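You will see two complexes here that share chain A, one where it goes with chain B and one where it goes with chain C.
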Partner chain A sequence: MNLIRYLKVYTKFLHTSLASELEYKTNILIDLITAILSLLGSIFLLYIFFQNNESIGGWEFKQALIIQGIYTILNGITNTWFNPNLTEIVKHIREGTLDFVLLKPIDSQFFISLKKITPSGFLEIILGFCLLLYCIKINQIKIHLSFLTLSLITIICSICILYSLWFFISTTTIWFVKTWNATEVLRSFLYIGRFPLNSFSFSLRIFFSVFIPIAFITTIPSEVFLGISQTWKILLEVIVAMVFLFTSRKFWLFALKFYSSASS
Partner chain B sequence: MSNLTNQKIFTLLKVQYSNMLEYRVEIALWAISGIIPFFMLNIWTNNNLNESINISDVMLSRYFLCAFFVRQFSVVWVVFSFEEDSLMGKVSPYLIQPLNPFLRYFAQHVAEQITRFPFALIIAFIFFILNPETIWIPNLSILFLSIISTFLSFLIQFLIQSIVACLCFWTEKASSIERLLFIPTLFLSGLLAPIVSFPESVKSWIYFTPFPYLIDFPANLLSGNHTNITGGLSMQILWIVLLFPIFKKIWSAGTKKYTAMGS
Partner chain C sequence: MLKNIIEVKNLSKSFDISSKEPGLKGTIKHFFKRKTKSLKVIKDISFEIKEGEIVGFLGANGAGKTTILKMLCGLIYPSEGSIFVSGNLPFRRKENFLKNITLIMGQKQQLIWDLPPIESFYLNASIYDLDKFEAKKRIKKLSEMLEIEDELFIPVRKLSLGQRMKSELLAALIHEPKILFLDEPTLGLDINAQRNLRKFLEKYNKETNATICLTSHYMKDITSLCKRVICVHNGSISYDGKLNLLLKKLSPVKEILIVCKSEKDANQLENSGFNVKNKSKNEITIKVENHSITSSLKTILNNFDIEDLFINEPPIDEIIGKILIKKDHNV
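Now for the complex of A and B:
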């Protein structure tokens, strides 16, 4: 019952934001070129790294491409859903329009996280999938049911962690108000998700798996792809994802207690 | 006459500086978001990738530290400010004033750089604590030249973005063009990998583009890595001389095209 209502609301969201985004048609073309160039640039960078080296952190070039593919998909998801919505929170809080969100008879986190959509991010998701398919071919990965379910589970967990990170940072604006750039910091940290975790030094590896679990986001799904992932890592990722989702939800509810609308 | 211009510049800078001081946390965060070069450095040295390009760990560390610095002081966002102002109709009052609105943005950028300076220093300081062997003191003339070349790099990027920003007069969302241009800037400027490491096929044409002069050249200069000083500086100036008339032309064409809200 509730679920159906939320689905209905979501289709309305989709409809309105797609309608407004499609106003800028040339923009979508430019975004497509940007996405392609960006992927080419990352592959170029990887190529430089592998120019005189067989492997980096135990990953060969064709294996590292899988990480690139997964990163591209996740980046596409970020650009389609997280970025347009969660940067909006800052605006809501600054201009006091969060009041209107809170007054609606619908969950505020749902509204804030899914209101908008930027369709050009889809292109990145498609590009990422194409790269992954290519990787499956060159790495001679055999596709079977358990492989598919495991990779799906890990990617979904990655999406959850990513979402929680974005949502967490955006929520802090309730206290700090002027943190447009906080998301930029997160963006630059996420950048390292393009590379295998093992290619970093020990201290950075710890930092990126304990404090900001970027390592989980791309490296573990890629390992699953290659069939070299241990079960405990997958389990750990599922647990981390659940903990992150749960805390981000609690943090939002906690933060709302401190929200005083524009004139109070 | 020149007194008046001086006064204008001084006032603009003062206003924008106090404006920027209000946003200290934001600028600090922005400074932190520029630490990607350090992650890259980590990949390079941790996998001994630099052996093949004949740069020692220390020199490469200095290179990436300088790349960080150059990037910090050549970040440009004029297209985003201008797009917002033009969408909101704020450009109209600016156009009436006897002052090119881009001078205002220019002052904004310079003021932001002044505010950013201490944060960048702190990050460099932390870097030196973690890697004490990389400490070096560039001699004064090199320091002076690299400050100039960083400023020239900033000017090139400012001009390119201003040209893109002027496209706002024709299309509403010029920032997507900027995002497109940012991709080659990111990968070809030397922020993520020094240009020396690029394959020969790329190196053969890259020096004819403005990209290597944005970060690679000033960073090499400051860090004491091998670079052609006169060649680099003259290419930077050449690009500015090329871009400036284009900006003037597109600006005057754009302002003629401009119709204010409600007209």
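Now for the complex of A and C:
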């Protein structure tokens, strides 16, 4: 019953935010062109890196393209859902409009995480999938059910980790009021996810695995794609994703106790 | 006998506030080491509100009115004391509690800026789990009451402030809440828009018996809607009772402007023992205590040749102004 109600509300969210975005046709067109140019630019950059090296950190160019594909899908999801919603949390708290969210008889985390979408991000998701399909062809990957299931699980886990990290940082706004820079730093770190984890030094690998688990986000799903991932890594990603999701949820509920609303 | 819908007992709220010295030195000090102190903004207040009552919260800026409203609707955790709103602890924000209340803030909006208000209404309807038919019925009824049927399909950004505020009200009332918390709902509206909004609130209260807690700096909002007021001064309640009793207490005299037939009559009246405020030619203004108005008027009409007379109420804003700066108004 509750699930149906939340689905109905989400359908309304989709409808209203699509209608809002479609009010500005030129903006959507610019966003779409930016998405295409951004992907082309990233592939070109990757190509330059591989021009004088056949492989970086054990990854060939055609394999590294898988990471780029997964990164593009995640970036598309970021631009479609995370960016329009999670950056708004800071605004909601600074301006006190979180009051309206908290007084709705609906889960506040659901509301502020999913209320808006930016449709141009969908193109990035599609482009990312197209790139992955191309990678399947050039890397001669055999598609079977377990491959598809594991790929899907690891990509979903990556989305959960990225969401939780972002949401966690945004939640700290309740105490610090302005944490815009922190989310920008997170986005910058995400760019690192375009490169294989092995291409970094040992200390950086530890940093990007333990402290800011960007490595989990793109490298492990890519390894699954290539069939070179170890089971423990996949399990670790699933555990990390669950811990992150659970912690970010608890942290949000804890933080709300300190919400003092903005003065009128 | 009407039951209490809001019960507040020994409620206090403290905030940690940081202070900063002026200048660059102060800014650097503030950046590295913040001096924070706990400030008690609400101090041990208690009151009860009955079902269907309209209560005005009066007080200067920063007196604590909005903080009280926000604690009542569950946005802010109280530091001490207890609050019960329709039998619930507000800060738990249980679903059935949230479905019974609404908060309207004159300076903040929840409508989707780029879309017509009707889209926000249907969004809110789905959040409050109303089916499309019921939502349509309520939108029709409320838009007629608010007289905004024509504005439903115009993007919010193109609406005037008054039309926007009415739409905000509709969005906030679509779930037919039993308790309305209104924080300066007429802020920035022109006189006609203010009057229309007041008329609507009065009608809504009569039709639904909803309880309304209202803060406003426009005295007309308070005087035309609230029989009872709670005066807040520096976080404490300085008066809780009927508005007319407070006004009588704070303004015990009325002014009577008397236009006499001749200057001679005016001179006679001046020397007949009344408290004269001023006199010019055949016009004279006297001050009379509220309880002796009838007898004074009788004396004047029986003994002097009068052309016209006017009884002036002291400006309500002036009286309320006194409330905002005075600490105690025990009647």
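In this section, the second predicted complex is superposed on the first by the 263 of 264 C-alpha atoms of A that agree within 3 Å, B and C clash if a C-alpha of one lies under 4 Å from a C-alpha of the other, contacts with A are read in each partner's own complex, and residues count from 1 in each chain.
Here is the rule we use: a contact is a pair of C-beta atoms (placed from the backbone, for glycine too) under 8 Å apart; a residue touches a chain by one contact, two chains touch by 3 or more.
Computed from a prediction, not measured in an experiment: that's the story for all the values here.
Peer 1: Clash or fit: chain B and chain C on chain A?
Peer 2: Overlaying the two structures gives chain B and chain C room side by side.
Peer 1: Who contacts more of chain A, chain B or chain C?
Peer 2: So, of the two partners, B touches more residues of chain A.
Peer 1: Would you check which partner chain A:T247 touches, where first means chain B only, second means chain C only, and both and neither mean what they say?
Peer 2: Once the two structures are laid over each other on A, A:T247 reaches no partner at all.
Peer 1: Based on the superposed arrangement, let me know which partner A:F13 touches: chain B (first), chain C (second), both, or neither?
Peer 2: second
Peer 1: What is the contact status of A:Q230 with respect to chain B (first) and chain C (second): first, second, both, or neither?
Peer 2: After superposing on A, A:Q230 lies clear of both chain B and chain C.
Peer 1: Quick one: is A:K104 in contact with chain B, with chain C, with both, or with neither? Answer first, second, both or neither.
Peer 2: After superposition on chain A, A:K104 lies in contact with chain C alone.
Peer 1: Nearest approach of chain B to chain C by C-alpha atoms in the superposition, in Å, rounded to an integer.
Peer 2: It is 8 Å, taken between the nearest C-alpha atoms.
Peer 1: If you lay the two complexes on top of each other, which residues of chain A touch chain B in one and chain C in the other?
Peer 2: Overlap of chain B and chain C footprints on chain A: residues 24.
Peer 1: Can you tell me which positions in chain A touch chain C when the two form their complex?
Peer 2: Against chain C, the touching part of chain A is residues 5, 8-9, 11-13, 15-16, 19-20, 23-24, 95-97, 99-100, 102-106, 257, 259-261, 263-264.
Peer 1: If you look only at chain B, which of its residues touch chain A in the complex?
Peer 2: Residues 23, 25-27, 29-30, 32-36, 39, 42-43, 45-47, 49, 51-52, 171-173, 176-177, 179-180, 183-184, 186-187, 192-193, 197-199 of chain B touch chain A in their complex.
Peer 1: Given the complex with chain A, which residues does chain C contribute to the contact?
Peer 2: 15, 66, 70, 73-77, 93, 95-96, 98-99, 101-103, 105, 107-110, 112-115, 119-120, 122-124, 126-129, 155, 183-184
Peer 1: Residue numbers of chain A touching chain B in their complex, please.
Peer 2: It comes out as residues 24, 26-27, 30-31, 33-34, 37-38, 41-42, 44-45, 47-49, 51-53, 56-57, 176, 178-182, 184-185, 187-188, 191-192, 195, 199-201, 204.
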